[in-house]
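The letters A, B, C and D name the chains in turn, as written, and every chain counts its residues from 1.
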Amino acid sequence: MERQSVLATEDEVVNWIEDGMTIAIGEPAPMAMVRHIIRNRISGLTIIGSGIALDYLIAGGCVSKVISYYAGGGFGVAVAPSFRHAAQTGELEVWECDEGVLTSGLEATAKGLPFLPWRGGVGTSLPEVNKDLRVMEDPINGEILLAVPAIHIDVALLHASKADVYGNVQHQGGPGWIDLFLRRAANRVAVQVEKIIPNEEVRSDAWATTISNADAVIRAPYGAHPFYSRGHYVQDKKHLKLYVDAATLAVTGEQTYIEEYFRRHVYQTTSHIMYLEVIGITRLLSLHEY
Amino acid sequence: MRYSSVDNFTVQELMAVFLARQLKDGDHLQVGVALPVPEAAVRLAHIMHGPNMELIFLGARMNVHQLEQLPLPEFGWDNRVVRWAESYSDRGHRFDQVKDWYRRVFFIGGVQVDRFGNTNLIGIGNDHQRLDFRGPGSVGTATLTAHVGRYYIVLNNHTPRLLVEKCDFISAFGWGDGGPDARKRLGIPGGGPQLCITPLCVMDFAEDTKCMRLMSVHPGVTVDDVKDATGFPLEISDKLTTTKIPSLEELTILRSRVDPHGSLRS
Amino acid sequence: MRYSSVDNFTVQELMAVFLARQLKDGDHLQVGVALPVPEAAVRLAHIMHGPNMELIFLGARMNVHQLEQLPLPEFGWDNRVVRWAESYSDRGHRFDQVKDWYRRVFFIGGVQVDRFGNTNLIGIGNDHQRLDFRGPGSVGTATLTAHVGRYYIVLNNHTPRLLVEKCDFISAFGWGDGGPDARKRLGIPGGGPQLCITPLCVMDFAEDTKCMRLMSVHPGVTVDDVKDATGFPLEISDKLTTTKIPSLEELTILRSRVDPHGSLRS
Amino acid sequence: MERQSVLATEDEVVNWIEDGMTIAIGEPAPMAMVRHIIRNRISGLTIIGSGIALDYLIAGGCVSKVISYYAGGGFGVAVAPSFRHAAQTGELEVWECDEGVLTSGLEATAKGLPFLPWRGGVGTSLPEVNKDLRVMEDPINGEILLAVPAIHIDVALLHASKADVYGNVQHQGGPGWIDLFLRRAANRVAVQVEKIIPNEEVRSDAWATTISNADAVIRAPYGAHPFYSRGHYVQDKKHLKLYVDAATLAVTGEQTYIEEYFRRHVYQTTSHIMYLEVIGITRLLSLHEY
């Protein structure tokens, strides 16, 4: 009898994901898996995510609802273009929240509770535009709070520095702020990593283990590209501008550029490694952190 | 906007220096992404008079008073800033110590800001599911503004569409419908918005009404310029002044140690 | 108690081996302080049939299947066990992932245990502020027993004062007033107590009533011995057996790799 | 202008503590400060603490109320002897809870909330014997939960491996399970450490920083004695047996031994260093971990 490895392929993990599920996207963005979801034409998803990484999935036609605190843009646009367009036309349902409201709902799930109270958002429009939030009086002092319902996640997809094959994950420079909230609230978690390390390296610094019992570990060097991965590379601004420009044109009716973008980077490739070949080693190595 | 003063500083530099002067040693300073003026202000204050300030970026806590340069990040999510970390401010539980946020100072923008300092990052329109302009979302502002000791509204523009009578949606509660007890009535502990700083002027909130009030105009700007650019009737402070320009020392440190690449001058 | 069988094992060894057989590969095993029988059981199971078990001690998570020896800690708070850690199970937030405790198995004792498996660590008496016997307190048992997939009541004694009709206080809810839906009615998600293991016998809970029921007596113990030592009328299983003694392999591994210092033999 | 050090003496920290305050005692036990509280004859305290460390403060006459989930004994007794006696006679008020209830109350404070809901304890006697706990229905699904009120702490006293002089604390082998809950709920926190380290060492592994902004750092090598300090020494069983035997005799009416214990280890010394001299370097060095 042996201890079982949880090392998995992109295909194995994408097979967990069914149309209509709630999928959480961490930060740094697990772009290898994001692209694989788009490539597999999964649709009707509820996405917990933010920024341009969220925008990819919307542009890719995968999303019908977002639970998002932030979909900012950059590269000349104030708001992620596909998100903005789909939200304005009503194609996309937006579960409006702020970070503290979202994490309260995630913590409720992780703690096995139907709700958690939160003060941030009292006095704002959040409970008006999001009917799942209830204004409540606390049962002890009668203070006004928001009751945030438990938010459930079917699969959380995260990107990190390294992991052993048993699902012990270690981040360099700290995990993204929301990743551990997502992990704790998710039924299953798959973590892309830059590098697989031996179990002995995990044990040598157990405090550095940020996630244990990941359900799958996927080897994906440069797997956050075109975003950053702490300790490894910075974001690829040129590539992101390419995407943002194409997506911005698409919502004005000019679909050519975004179609070409997805064809070249997603549909014509079948795996993350093939994607990296398209990007090219010269570009990748130019993204060094320091 | 570039002033043709002897120093030839830009309005962004003016705003950054003004804001730096509002910050006190010991403050914990939290700057969101893509806000170069507050980013510069906290660095400048830290160097000039804040050896015990704590700078919080991207979940990392740092005190970098002793560094020669504290350059602005190249883009919002530039993780290289975490190389200065002494600890991570959340370690996967961002909101587990809001009790101590009375020491924190925060900076906020918006797609709308109303006369009572309520701010809107949700969007513009009547129907939330079919907005005329969909904003980026609340980020952490609903929570942060509820708890931080004080915060500053910092805007890149000053127009009647931005500074409005009433926000279509409120994502961060400022002074509600006005009055000094607006926050207390709802049990919101944070100290609320203190000032609104724009490319034209600085506004505070009148003690009795908590209405936005013109406190100082930037050099070369008239009161009428500000009134015309504001979407609500603006009170005028009886202590109205011109915003004090940067000193030679402030501008030198700002340019040499905080903004060597000239982000605030472009 | 020492049995005069060929193997000459002690009742603690019998209990540890029995308990080890209840544990399944993949279980996450959480043992509190000062419970040598469960401590030995989880180690034995991990070695014999649990390469994917997770052992949780003092806030550390470990999988030590490959180690030659997994000796019992010398005393309850022996922090040397954390040297095997792969991660810390709570990192300062012990209860932030109870959702996944359906995979956890827990072991509990008490100063009183009632016929429905409710347990009491608070104390004995009528007046909570003037108890006849003040117990150590609930530790984490109220929370753990509410959420873990299943748990086992493990007692060092079997007396009518310990196994009572009704606890003076309940610190961990077992099957309440009985019935298979006792926990569901209160919305308590965990699977509840499965067995009660004492130096005399093993008891399970009848499917329909969730009353404690004699399932097996240890070698040399009679049903009357158990009845006399129990403070409530005990149901008897129609499948009543004698507790299966340790195999040679189990006892060998227990003594050589888990309990080389003979804690369970003293 | 310079960054201010928070390095402090035992006297400076004990001066924060007034009769009647709520003081939290971490784990490993901050025994240098526990002894200094007894030495300064502070009384009427509400203590959040556990086990034998809690028992010292009760035997020392400092405590009128405990918020405790566990006061187990060891060394021949099932329950901490002074705690047991004082609780049985009614001299000591016990705020009954379990770990999950306690941490919910501490988290409520840290999150600026008047209460947090918790499921653990539903169906038990806890809300009967502790009237501060309320049985509530959740405002969303109507599930039965306990409402735990915010628990406030005036001063938390903790023991850790190392810290810099600016209050950045790093534990070896992880902090005690409750320490960070206490830290987050406390108005002020003082941390005893085995060693003061340079700020550069903190920065070299920022993820290892478990507490930042400690209000005081006290240099106290062997400061958890007779308890363990992870990464440094194991507990001193002989010394603990001495204490437990003396305290057990005391509650039967024989005060001589506990008085002698306190005289020798607490009252006749004026500082932690003097205490270590009484214990002796030979004994201390015998407590090595591996």
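Basically, a residue touches a chain if its C-beta (ideal position, glycine included) is under 8 Å from a C-beta of that chain, and two chains touch if they have at least 3 such contacts.
These figures come from a predicted structure and were not determined experimentally.
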{"item": "Pair sharing more residue contacts (C-beta pairs) when B-D is set against C-D", "value": "C-D"}
{"item": "Per Cα centroids, the chain farthest from subunit C", "value": "B"}
{"item": "Chain centre separation (subunit A, subunit D; CA means) in Å", "value": "40"}
{"item": "Inter-centroid spacing, subunit D versus subunit C (mean Cα positions, whole Å)", "value": "28"}
{"item": "Touching two or more other chains - residue numbers and ranges from subunit B", "value": "60, 82, 85, 88, 91-93, 95-96, 147, 189"}
{"item": "Overlap residues in subunit D, where contacts from two or more other chains coincide", "value": "111-112, 118-119, 143, 173-174, 206-207"}
{"item": "Graph class of chain-chain contacts, one of line, ring, star, complete, other", "value": "complete"}
{"item": "Interfacial residue positions of subunit D with respect to subunit A in the complex", "value": "111-119, 134, 136, 138-141, 143, 145, 147, 149, 171, 173-174, 206-208"}
{"item": "In the complex, subunit C residues that touch subunit D", "value": "33-34, 58-60, 75-80, 82-83, 85, 88, 90-95, 122-123, 128-147, 169-173, 176, 183, 186-189"}
{"item": "Touching residues (chain side subunit A, partner subunit B) in the complex", "value": "50, 68-74, 78-80, 83-84, 87-90, 93-94, 96-101, 103-104, 118-126, 129, 143-144, 173-181, 210, 227-228, 230, 234-235, 237, 289-290"}
{"item": "Of subunit B, residues touching subunit D in the complex", "value": "25, 49, 51-52, 54, 60-61, 63, 65-66, 82, 84-89, 91, 95-101, 147, 189"}
{"item": "Residue numbers on subunit D that touch subunit B, as the complex places them", "value": "1-4, 107, 109-112, 166, 168, 184-185, 199, 202-203, 206-207, 209, 212-213"}
